[in-house]
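Handing you a structure now.
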Amino acid sequence: MNYKIKDLSLANDGKKQIEWAEMHMPTLLEIRKRFEAEKPLKGVNISAVLHVTKETAALVKTLKMGGAEVALAASNPLSTQDEVAAALVTEGISVFAWRGESESEYYNNIESIVKIHEPHIVMDDGADLHAFVHEKMSSELKVFGGTEETTTGVIRLRAMEKQGVLKYPVIAVNNAYTKYLFDNRYGTGQSAIDGIIRATNILLAGKVAVVAGYGWVGRGIANRLRGLGARVIVTEVDPIRALEAVMDGFDVMPISEASRIGDIFVTATGNTKVIRVEHMLNMKNGAILANAGHFNVEIDVKGLKESAVSVRNIRPYVDEYVLQNGKKIYLLAEGRLVNLAAAEGHPSEVMDMSFANQALAVEYLVKNKGKLQNKVYNMPIELDYEVARIKLKSIGVQIDELTEEQKGYLEQWKSGT
Amino acid sequence: MNYKIKDLSLANDGKKQIEWAEMHMPTLLEIRKRFEAEKPLKGVNISAVLHVTKETAALVKTLKMGGAEVALAASNPLSTQDEVAAALVTEGISVFAWRGESESEYYNNIESIVKIHEPHIVMDDGADLHAFVHEKMSSELKVFGGTEETTTGVIRLRAMEKQGVLKYPVIAVNNAYTKYLFDNRYGTGQSAIDGIIRATNILLAGKVAVVAGYGWVGRGIANRLRGLGARVIVTEVDPIRALEAVMDGFDVMPISEASRIGDIFVTATGNTKVIRVEHMLNMKNGAILANAGHFNVEIDVKGLKESAVSVRNIRPYVDEYVLQNGKKIYLLAEGRLVNLAAAEGHPSEVMDMSFANQALAVEYLVKNKGKLQNKVYNMPIELDYEVARIKLKSIGVQIDELTEEQKGYLEQWKSGT
Amino acid sequence: MNYKIKDLSLANDGKKQIEWAEMHMPTLLEIRKRFEAEKPLKGVNISAVLHVTKETAALVKTLKMGGAEVALAASNPLSTQDEVAAALVTEGISVFAWRGESESEYYNNIESIVKIHEPHIVMDDGADLHAFVHEKMSSELKVFGGTEETTTGVIRLRAMEKQGVLKYPVIAVNNAYTKYLFDNRYGTGQSAIDGIIRATNILLAGKVAVVAGYGWVGRGIANRLRGLGARVIVTEVDPIRALEAVMDGFDVMPISEASRIGDIFVTATGNTKVIRVEHMLNMKNGAILANAGHFNVEIDVKGLKESAVSVRNIRPYVDEYVLQNGKKIYLLAEGRLVNLAAAEGHPSEVMDMSFANQALAVEYLVKNKGKLQNKVYNMPIELDYEVARIKLKSIGVQIDELTEEQKGYLEQWKSGT
Amino acid sequence: MNYKIKDLSLANDGKKQIEWAEMHMPTLLEIRKRFEAEKPLKGVNISAVLHVTKETAALVKTLKMGGAEVALAASNPLSTQDEVAAALVTEGISVFAWRGESESEYYNNIESIVKIHEPHIVMDDGADLHAFVHEKMSSELKVFGGTEETTTGVIRLRAMEKQGVLKYPVIAVNNAYTKYLFDNRYGTGQSAIDGIIRATNILLAGKVAVVAGYGWVGRGIANRLRGLGARVIVTEVDPIRALEAVMDGFDVMPISEASRIGDIFVTATGNTKVIRVEHMLNMKNGAILANAGHFNVEIDVKGLKESAVSVRNIRPYVDEYVLQNGKKIYLLAEGRLVNLAAAEGHPSEVMDMSFANQALAVEYLVKNKGKLQNKVYNMPIELDYEVARIKLKSIGVQIDELTEEQKGYLEQWKSGT
């Protein structure tokens, strides 16, 4: 087996981490039990680009127990947990990932996982692997299906579909209700703030926090910041979302205004250059900048570096930039995903649902091989419900069931007031 | 002109109420200004079944200023504001509605508004009028379009569409983002609790409140109850919504369990017999029951009446039922919509958006007469955004705009990490 | 028996109201049961100035069942519930109170209740009665003790004590933990907002609300406004309270600034002219003003009346003032306590605790007649705990008890890390 | 100079940490500026037992700049930041502290700082140093004053005062409003949860969290847990606090019941053996236990160790105990203060206020040398206000001032309704 990781001797630590994660991922483990018995992925090669964390390990082990061969690279140069990578190698997974990859190493690793075997399924988080397969690989692809974990990746894949260049069907795992309603909101909501606090140890109570973007990630972060005592300002480009933020009790204004009064700024838009040097020059001395969006483009780090008078690292994940106006601003984790870089990423409990969807999506692609078009498909709703049902059961929550009379009531339209 | 109301001499009071509402409905007034100039509804007869409130008056006046003839009946026997009905008559609207209609009066009034003129557009809130038109009217309908305001009504209309019996295109105004994300959640959320407090004057802090249903209405109510200090239990039949309620920090359990520990119960499911006598027998002495769903079927009032030992009215909108086990339970507003019966219904500010959508939906149906199929259509998204933009402007909130670079970024899929 | 009320024929309605209140006042009823058996107040004349509400009725009935003779007047010209006054008369209480008293009627009624019998105990809410007794009554007072219900009243009484003019011992019932931590915060918090919503029916979600004062009442109101979706600004004169408000996530600024951006203003300071004409001239068109403090002096109503161009009543409890700059502002309940004037005052559940304290305070004064000095006393802590224990039991909440080892631990100082 | 620390070469890292802290401690820095100019502590020897963190460094440097000689030991064996200790030594402070002291090392270090110089002022956090000075030192003490930082320590000192053994006046810095209302509630509230998340990375949304104790620390933690989506149960022994927790919307029950349903347990009572083995045996498999109280006695760790079948460390600060019933429970940070052991302790912003009080308390003791009795004094209120005023100014918040008319109003008692 081929692999490239930091240090194989970390495997024992990694195993305990994975054990800890699995204890909090009962849904995936329930699916694993079935996979182990039924081997539905037998003979399937999977190339996966995902954050190499203890939760991903639980997924990859599940796929393997289901019969698949898996090769894994990182979806972010800073997010790999090296001890987990080591543990996975001892489990027979071809891992090419380590914390702190350079940009060329990052792309080399992606290349490695599609060279080591001919992938049948491509699993991605951000669509860099999908883009690579489409741009760099020869036309005789064996790939018969893909999955995508993020909003950002789905947007890219829909653009590919629209341009007619998509070469295989892709399940937008991100669009499963049991994924985006939970992972993005509760998972990133908590872990982004965890990253900010670990990096800075600042008190959130009494601070003015600016959240750029009021999608599921943004509203998760805004709510958690409020839950910790901050006064929260939201910036948006979408008038409906802006109105929701207003009705949710947040202050809404353009970033040009918000930049003057914020103490902390968190981007979660999925777009580029949301906070630019012109805004940074408005900011208070001591302002803190963090990104919770998938790519490190939301804060204009390049512009900041070019225009700053000086830079120094003051604490792990905290760089101090002195601007030309003499004010100091603090950039966390170089503008990369703050929850993965400065903390441990999503808690296992939400990845449990996201990755239960991934496992079921892969099984679905195998079962429906040849029956799907080269399009982006939403997660089949019955699988989505399956995940919810297993999750509720695993945490001991019971719910009601419709009576026959109630089922009938929902289907008729004649009786009224 | 024909009309049937309680007392025309209340018109002056009604006018002041409408003035107060219009002050809080800037979006609708902006549209009215244009309607008055362009007269897009000239020659159109509209038959409308809506709650006859000060906000509906603002809508109906807008339609009339746009050129339409309007006949109006009530969508609930208990929700009419008699002084508003009077004021509308003096404005030239044919109103058939009063507070406290009997069931036969209710249906007679619906009949009156389709007899007084041949309707071209049918506007409804709950689909009783749509059902009436489909069941009772001759085949040579002049109706070329309809609108529907509620979730419940849209479910009924989709059932009609599915059965192939729908006779004209209907715009599901309820499904506009600027309607259901706001009206159902913030509007009913606040006003249902307002109704409960007006009826009972109980302290919510420290109470255990049970909310049946975690749709937009249910989550609005659950959040407001929590915001007022109650401990909230949610019941659901949908596992995904149940999981959301859990993650939002609510306790989730079946109604059979919740019935034992709740102090207050509020239904918001859109379904029938959600709280049954078997549950009431579980309840604590003094338990309070209210309904926030469209129809008075969610609490089994009939079953309660049949099984109770005695009934008396103890305060306006509060009936005391003594059960066979000797315990007393208190039913608010006879199980009808508590926010409309015991309070004033939705605040003007949310009806502003809902009714701006109604006005634009009617204009759209007129403009697209003959081009639409006999289906239920979602509100066109560009009109939805138009409502949001006017609303934001009217409350003085500015938002960001995408830069050209950002627009480009959202359309491309190649650049990554 | 002597009395002066609106209409004795309302007594039946009043009795049902009192029954409803008593159902939510289990603590007071527990004490009543003992009073009825022990008659600790036999031969004691009590003159009481309190809001004449269904909850006060439950207290007054309890005192009477304990053996006292009670004469009752209103502590606010607008807060009397006439049906309750009627019911109390039929129970043998000398009531002098009706809704809508003039200022001279208000003081005449106070005079009546000290003339109808020679009071031994003076029970007050705001200290108007205490002031009257001190200023207007002859020196041979029979009064041997008093109680006071409000923060405002306690401040006045402490001023009297400081000036050496206090003529009898007073128990500051307001200062009982089971009073001010609950009544002021949760009771006024909810009911003040109830009053505002009943008067205006505005949507709180998305509004900017300004709360003047961050004492227990102010923080109750600020939290409830936030719980209903408003963005809340706090104004304060005390730097420590201001800092708490900041850390609680509120925006804090001077009223001169807040007046420019608020949609709703609520005063809760206990001080005079907190919102002045100079601030009103800053306000947005349509701004709403309400008072939740004891006296109608917090908003400068007199200044407003003098400087306004015109005034009209637009809805019950809502007066529209057109200012000289053309803008309209809306004053609720003439600047009087909005929760009592426009709604029903505190919910029974908090009055249960406050009035349980009143009952125990009166009993304490009788038991300790002649042993106390002419000072303002805090509520004895053991009575305070007694109220808490009965309340918890009555709502079915069990708590832990210290083990012997734990009691010992709290008393020693030697063992450490 | 004498000192005993881990590694002097860490000093540069420590200096950056202190710089970061000082940036968030503007109140203390304002006082430092004055101390540097006035040297009010000239010739004063201070022995201090405090958590050796970057914030404490900012205080100790301030005292030194004010003219004092300072010797410092740790108030907890696990809370020392070694790089900060190193930096302080280079600043001329005699530090005796390192992370991971044994119990005997802990007491030896305390002994060292009272031997290295004859202390005039004793500054403590938990009262171990005060106890040591009283128990172990000869009678000719030079100490003329002390300060105490914690609730726990003040309780011990009051016990000493009550027993008549206190040998010098102590300022209860903990009792300053600008300390306990902020540090305990917002500081521990955030940092305890930070510690739990760093140790476990669990998702709080949807979890059942049990908080033992509803003092300022407990309510801070309960609120933050709720703000992060947990459902929170409170346990208490005090009925008034229990009632507050109920009214704040929390579920309240005895620990014997709560232990059956909680996922996470946090103790904050200041008492001993609050969670005992009998409760642990009730717990769900996977339950997590953390302590936020000053001493490691709240969870019965000794009992747990004795009765457990096996123990292993699974992640840093997470020990897995297998109970005799086969269930696994997870103890964080060995039951020590989770915010200091597993995270960085209080954020600088709250320590800013606490330590501004410490600095002013020391100055007050020096100024009033010989004038105070051997008692526990509350922090003088004017110093408390001084801290609040400087803090507000430093974060740019302006507040109102009383007008002359308002000052007069508060002092009179005659005018009423």
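Annotations
As written, the chain order gives the labels A, B, C and D, with residue 1 at the start of each chain.
The rule is short, and it goes like this: a contact is a pair of C-beta atoms (placed from the backbone, for glycine too) under 8 Å apart; a residue touches a chain by one contact, two chains touch by 3 or more.
Labels paired with UniProt names: A, B, C, D = Adenosylhomocysteinase.
Here the structure is a predicted model, which means the values were calculated and not measured.
Taking the options B-D, A-D or A-B in turn, the interface that duplicates B-C in more than half of its contact pairs by residue number is A-D.
Across A-C and C-D, it is C-D that has more C-beta pairs touching.
Once the centre of each chain is set as its mean CA position, subunit C and subunit D turn out to be 38 Å apart.
Remark: subunit A and subunit C have CA centroids separated by 53 Å (rounded to whole angstrom). Those residues of subunit A in touch with two or more other chains are numbered 186, 205-206, 226, 229, 246-247, 395.
Subunit C makes touch with subunit D in their complex at residues 75-77, 103, 106, 126-128, 131, 135, 155-157, 159-160, 177-178, 181-182, 185-186, 235-240, 242-244, 246-247, 252-255, 257, 270-274, 295-297, 384-385, 388-389, 391-392, 395, 397-403, 405-406, 409-414, 416-417. Interface residues of subunit D, counted against subunit A in their complex, comprise 16-17, 19-20, 23-24, 186-187, 189-190, 194, 197-198, 201-206, 224, 226-229, 286, 314-315, 318, 343-344, 347-350, 395.
The touching residues of subunit C, counted against subunit A in their complex, run 205-206, 226, 229-231, 246-251.
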